[in-house]
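You will see chain A twice below: alongside chain B first, and alongside chain C after that.
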Partner chain A sequence: MSDLAVGQALPTGAPPVPDRPLVARSWLAGVVLRTVGQISARVGLVWIGTIAFCAVFAPLLASSYPILLRVDNKWSSPLAAHLTAVDWTLLAAVPVVGVLLLLKSLSFARRFGIFLSITLALLTILLLTLDPKRTNVYDQFRALDTTGRVQSIWRTPIPYSPSDRLRDQFDAARPHPWAPSRDHWMGTEINGGDILSNMIHGCRIAMSVGFISTGIALVIGIFVGAMMGYFAGVVDLVGMRLVEIFSAIPRIYLLLAFVAFYDRNIYIIMAIIGVTGWVGDARFVRAEFLKLRNLDFVHAAIAAGLPLRSVLFRHILPNALAPLLVSASFGVAGAILAESTLSFLGLGLIDEPSWGRLLDQARAGGGGFHWWLATFPGIAIFLTVLAYNLIGESLRDALDPKLSGGQ
Partner chain B sequence: MLSYILRRILLLFPTLIGITMVVFFVMALSPGRVTDSLQASEANMRPEERQRIEAYLKKRYGLGDPLVVQYGRWLNRVSPVGFKEAGEGFPRSTTIGFKTPDLGESFIRRRPVLDIILEALPVTLLLNLITIPIVYVVSITSGIWAARKRGQAFDVTSGVVLLALYSMPEIWIGVMVLGFFASRDYLQWFPTSGTHDVLAAQMAFLPVFVDGVFHRGWLLDAVWHLILPIIVMTYGSFAFMSKLMRSSVLENLTADYARTARAKGLTEHVVLFRHVLSNSVLPLITVAASILPGLLGGAVIVESIFGLNGMGKLMLEAIKTKDQELILSQTFVVGIIGLGSLIVADICYAIADPRVSYE
Partner chain C sequence: MPQPLLDIRDLNIAFNTARGPIRPVRDVSMSIFPGQTLAVVGESGCGKSVTALSVLRLIPTPPGEYLGGQILFEGRDLLKLPERDMRSVRGRDIAMIFQEPMTSLNPVYTIGDQIAEAVILHQKVGTKKAYKIVEESLCDVGIADPHRRLGEYPHQLSGGMRQRVMIAMALSCKPKLLIADEPTTALDVTIQAQILELLRKLQKENGMAVMLITHDLGVVAENADTVAVMYASRVVEYAKVEDLFDRPQHPYTEGLFRSIPKLGSGVDRLDTISGTVPNPAKFPAGCKFHPRCVRMNGDAKCATVEPVVREVEPRHWAACHHAAGYENAAGTTPVLDYKRQVTLDVLDAAGGVM
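Coming up: the complex of A and B.
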């Protein structure tokens, strides 16, 4: 992987131009750069960046707890006391990424490895040591604010947690859901939670389900595809039957059958979305491996006595990665769609903010309709799926030798 | 080609067995195992009812047998060919022959699963049979137009619009369309649920005027109920197919035979519709296999939003009532339909394109 890193300067024969030094890039890096150069891919990346920002800083953007509070000359931070290990790890990951981006001497793969080990270590330590307050009395600070004892208070931009059901503002004459107003920019859901806050916290599920289940699908797809493509013959015949099985049963039926028989938590949901989504990746990898398996460099690797694992994944796979990027990009879109569909059908996560679950509440009993519960979460799902599809399309165009202008 | 078709049909059997294995082991390896989970949903019922179910489960799955034996037993029951009498223990009878597949019994609904599925299947198939021609006609037309106007406004806009349509989740569009065009809060142009009016059975088939009053009749009533669901089912499939059609037409327009046709002095119109078109449609045949499972899946969402009593809605209800026999059989049946469409598309392609060689 290390020889595929972006931006490694190599000595070239031609005299270097002072302003723009000649940089020899790997083919894959060229593809990535050409992709980012396209407007549609940039639009997609900007939106995904926004979602990622909301996902990482969700508790700082929307919470019922004030960030800082001064009561009776004592400073406190109710928000910090309620942050979980995951919240802290995500916040700590931001400076780590910043520092690693500056360390340009290290290869991309190494920096990614360092990032992964630091965050995982941090998460484990925090999960073992941290014990955030479990009891949530959301309205205590709104009540405190009215007593006049508060000397200074610094709230988050949206002062409501996603599960804050506004018990103190109960009004029998005005049942939830409320239409958008100045207090609740996107209205409230049927239990009284603020929708904007739910949307911000829902970014986390969308991002994590998207990436992790695509990762699972990629691992299965690469393994099965590599086996089929490299060994061909009987292995291919058997493998293709497996692919056929999973493409004959519609994905949603598989998802529903899994959900019906297994417990529902976020890890199981991620796993089943991954397990049902690898078929496309396997086809791509198989096609590439079939093409590459008889090339000279593969024979050379085998002749050098390298173990099979090395031949398959160190020598052939890097050459087959580019089409996988396209497939992975569409895969993330599909995974996000699958999660929101499950939540929409009432079979997703329970009591977690999810875009699909909000969308489900738009249909009121007796044929009524709450437009704000359909519009905002729907647009969020749409834009996220569109962003990944745009990036996938741009990647595909960048890979197409007919369109790349002979590079 | 005949040998190819034969080979393709023979390869169908391992896949079919694979589908049954996936379906069976999803249930068998779940935390509750086969029988536990089947019994758990029946916790509170009369003792004699409970005994009957236990006897049924014992006969059908063989409580306490190894999983492989349980699977063999279940497979024998659901297959149309097999041991005719499956008694206690592993079937010892040697009479092998055709029989009606036994998909089990739904305890929640107290009816054979096969009957329930045969009631729901036509609705889903109807939705798909209307959807597929619409998808093909629209995407072939827009694909041809985009290819003819390559790089011009229509090509670029249709590309962007279709990608956007493709990215719009069905759950969102379904809810929006239902909310704005069928809810009592906004325009009430269409009915909110069902495939027919309650009084549809008494209607004449075609629209009629009786004493100057318009009666829409059975056919128009069905169309009126199905317009919104069909819109939601079709729009997402346009992008993929039309893009495929566009690139296929572009490729064929620059092919040698198209140049020969032009050299003969044929007009561009004749070249396109006589020569290029039939060759360009070929890739769309193979795609039919992959869109049918997609459409069957889309039907789950559409049926649940618009309250149509098809396979999708049945599946959701089965999950909510934990009717496990029904869930299994439905996954199984839908898998068979998907597999069938895969095979049919492969064979159609082999017939339509004689150039393809099959070793």
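Coming up: the complex of A and C.
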């Protein structure tokens, strides 16, 4: 036996591998991380983030009211005086989200609950107490500016409100809509409103229609699907017939009928899009529940004496969420398209700025075709729907074990 | 005279399937006294798991259906309890651990959250106190650094660790009865021994009764006080563990013992029980074991008359026409009254665990 074989330490130049602390990460958190890791999801999220930013800060980005104004040595903020309860709540929600993101010790569900309760309470209080000025004399500040009494003025980047008809700039020789120019980067619509301003304020409708109607669809879909999947048998039979009935209802015709007979109310539109959109979610949830209810951890939860509510929604549902995330992101895109379609048909909201309404005006202006009224809102709708689809695709890839392991 | 903690009497369960009803449990009777271990032994599909699940009423109805019998827990018939009362029995009085540690923990919650939920529910304590109890019970089952483990997810633990977590979860509310459905089948042999040792230790400390479902006769010999052997949805033999191992009366039990390898016996091939377990949808007529039986020898009775369980020798029950003493035991008292005495004897022998 050679001397080398015994008791000789192997020469090694590499430093010992340092111990890394294990980070406890749930499976769902892993899926989210894998999704965000994909380029397409990042592109989608950047666009959605831009839309969300525009929706929240719309009044600060585009308004005919100056943010700060100094006239006769007196400071004032015409913009603040005209902000509505919704505007204030959205602006206040940003620091709330920031603080909650820093509170890492709380669970996500608890933080979400705190966020919801704070913003809802704020909204209620502001709706009851706040009474913003309703007289919209948009041109007075432009007029004031020309008199020379203004000592300093701080305007928003786009100094036009969406419903500012530019009456002071009326010119019989140049009827609206105007093509894009230095003053109006995306041109004006047929009534004289600035299109960029309309686009920014239209983000609110696009965001809220997408999320609220998908939220309604998810709540109904999860409840019906959970009942069908968990109880099976007769409940499943009745539920599936319900699903079939609802999937036979054409969404756009129902929307048209409701809008024709009732008010043009955005909440009714959201509710209808939600009520006609839950069937896919219900099918997914049912399939997952059918599979999961026979697993040991569900039996273990029942055997531990947990109430049915906890078994269904605390123990089974979080494991069934994965395909729902995919279907929800496609659902948001579908809802935005449905609202745009309705507005395009001239049956959307009348006073609210909306992308679909701008599209509608592209062909409505006296037989001509105004390319800027079609292009900009068209691109926005296209990009938003594409972004949600990209996120949905990435989620699906992140959830597919065959793909996530091989890459 | 001590009352049995759990007394299953003539339990009958059917599953209504698309191809007609099947009967996974027929006329099953067994009882467990406080502090005792009852082992239920049998092949896959013999009805032992269904019997265990039915104690907690975990059989989904439909397709399951309770055709008759009673499951008395401390004198109350669990089959007649309303769902609300049943929920307070589950987890607090009777706990269960499952066969597959890989799937019996919820993947989306941390260990701490999962155990704490049941503790908060049953012991009516606040979150802080609940986590303290969870940490203690993790410590009890021998998990190192329980405080750190509280915040970990199931996929970060090994199989043995998960089974320990399952046991901690089952024992966190100090149940009177623990149903262990093949707790060691999915684990490797060294971990098996550790888990069984742990169960024995905790059973002694808490005075808890255990219903041990297994098909491992070694586990039975080590742990059980009383054994019920099940074959084709019936109990075919029921006795104290020593009696069963010394003098098996049913040919199926004999066959099981013959198929265990013995050290130093020098045989090349192990004995097997010829044939296969009958399909529950079409059981043979008469004794369900007769197509595989070595004792039958063309006896027409075996193929036509199904034997019931009789006391073939003192405190030893079997269901076989050819068991010694089976004919003479024809007029004996029903099995249930005697079963109490069997367990009492075991109690005496153990020096009174109670």
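Here is the rule we go by: the second predicted complex is superposed on the first by the 374 of 407 C-alpha atoms of A that agree within 3 Å, B and C clash if a C-alpha of one lies under 4 Å from a C-alpha of the other, contacts with A are read in each partner's own complex, and residues count from 1 in each chain.
Assume contacts are C-beta pairs under 8 Å (C-beta built on N, C-alpha and C of every residue); 3 or more make two chains touch, one makes a residue touch a chain.
Everything numeric here is computed off the predicted structure, so don't read it as measured data.
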Clash or fit: what happens to chain B and chain C when chain A is overlaid? fit
In the superposed arrangement, does A:V137 touch chain B (first), chain C (second), both or neither? neither
Using the superposition on chain A described above, determine whether A:G368 touches chain B (first), chain C (second), both, or neither. first
Greater residue coverage of chain A in the superposed arrangement, chain B or chain C: B
Which superposed partner A:P250 touches (first chain B, second chain C, both, neither): first
Quick one: is A:L295 in contact with chain B, with chain C, with both, or with neither? Answer first, second, both or neither. second
Partner chain in contact with A:P307 - chain B first, chain C second, else both or neither: second
For the combined overlay, can you note the least CA distance between chain B and chain C, rounded to whole Å? 8
Chain A residues contacting chain B in one complex and chain C in the other none
In the complex, chain B residues that touch chain A: 11, 14-15, 18-19, 22-23, 26-27, 30-32, 37, 163-164, 166-169, 171-173, 175-176, 178-180, 182-186, 192, 290, 293-294, 296-297, 300-301, 304-305, 315-316, 318-320, 322, 324, 327-328, 330-331, 334-336, 338-339, 342
State the interface residues of chain A toward chain C in the complex, per the touch definition above. 22, 24-28, 233, 295-297, 299-307, 310, 314-315, 318-319
Write out the stretch or stretches of chain C touching chain A in their complex. 53, 56, 58, 62, 87-92, 95-96, 98-100, 103-110, 117-118, 121-122, 151-153, 155-156, 166, 169
Touching chain B in the complex, chain A uses residues 237, 241-242, 244-254, 256-263, 333, 337, 340-341, 344-347, 356, 359, 362-363, 366-371, 374-375, 377-379, 381-382, 385-386, 389-390, 393
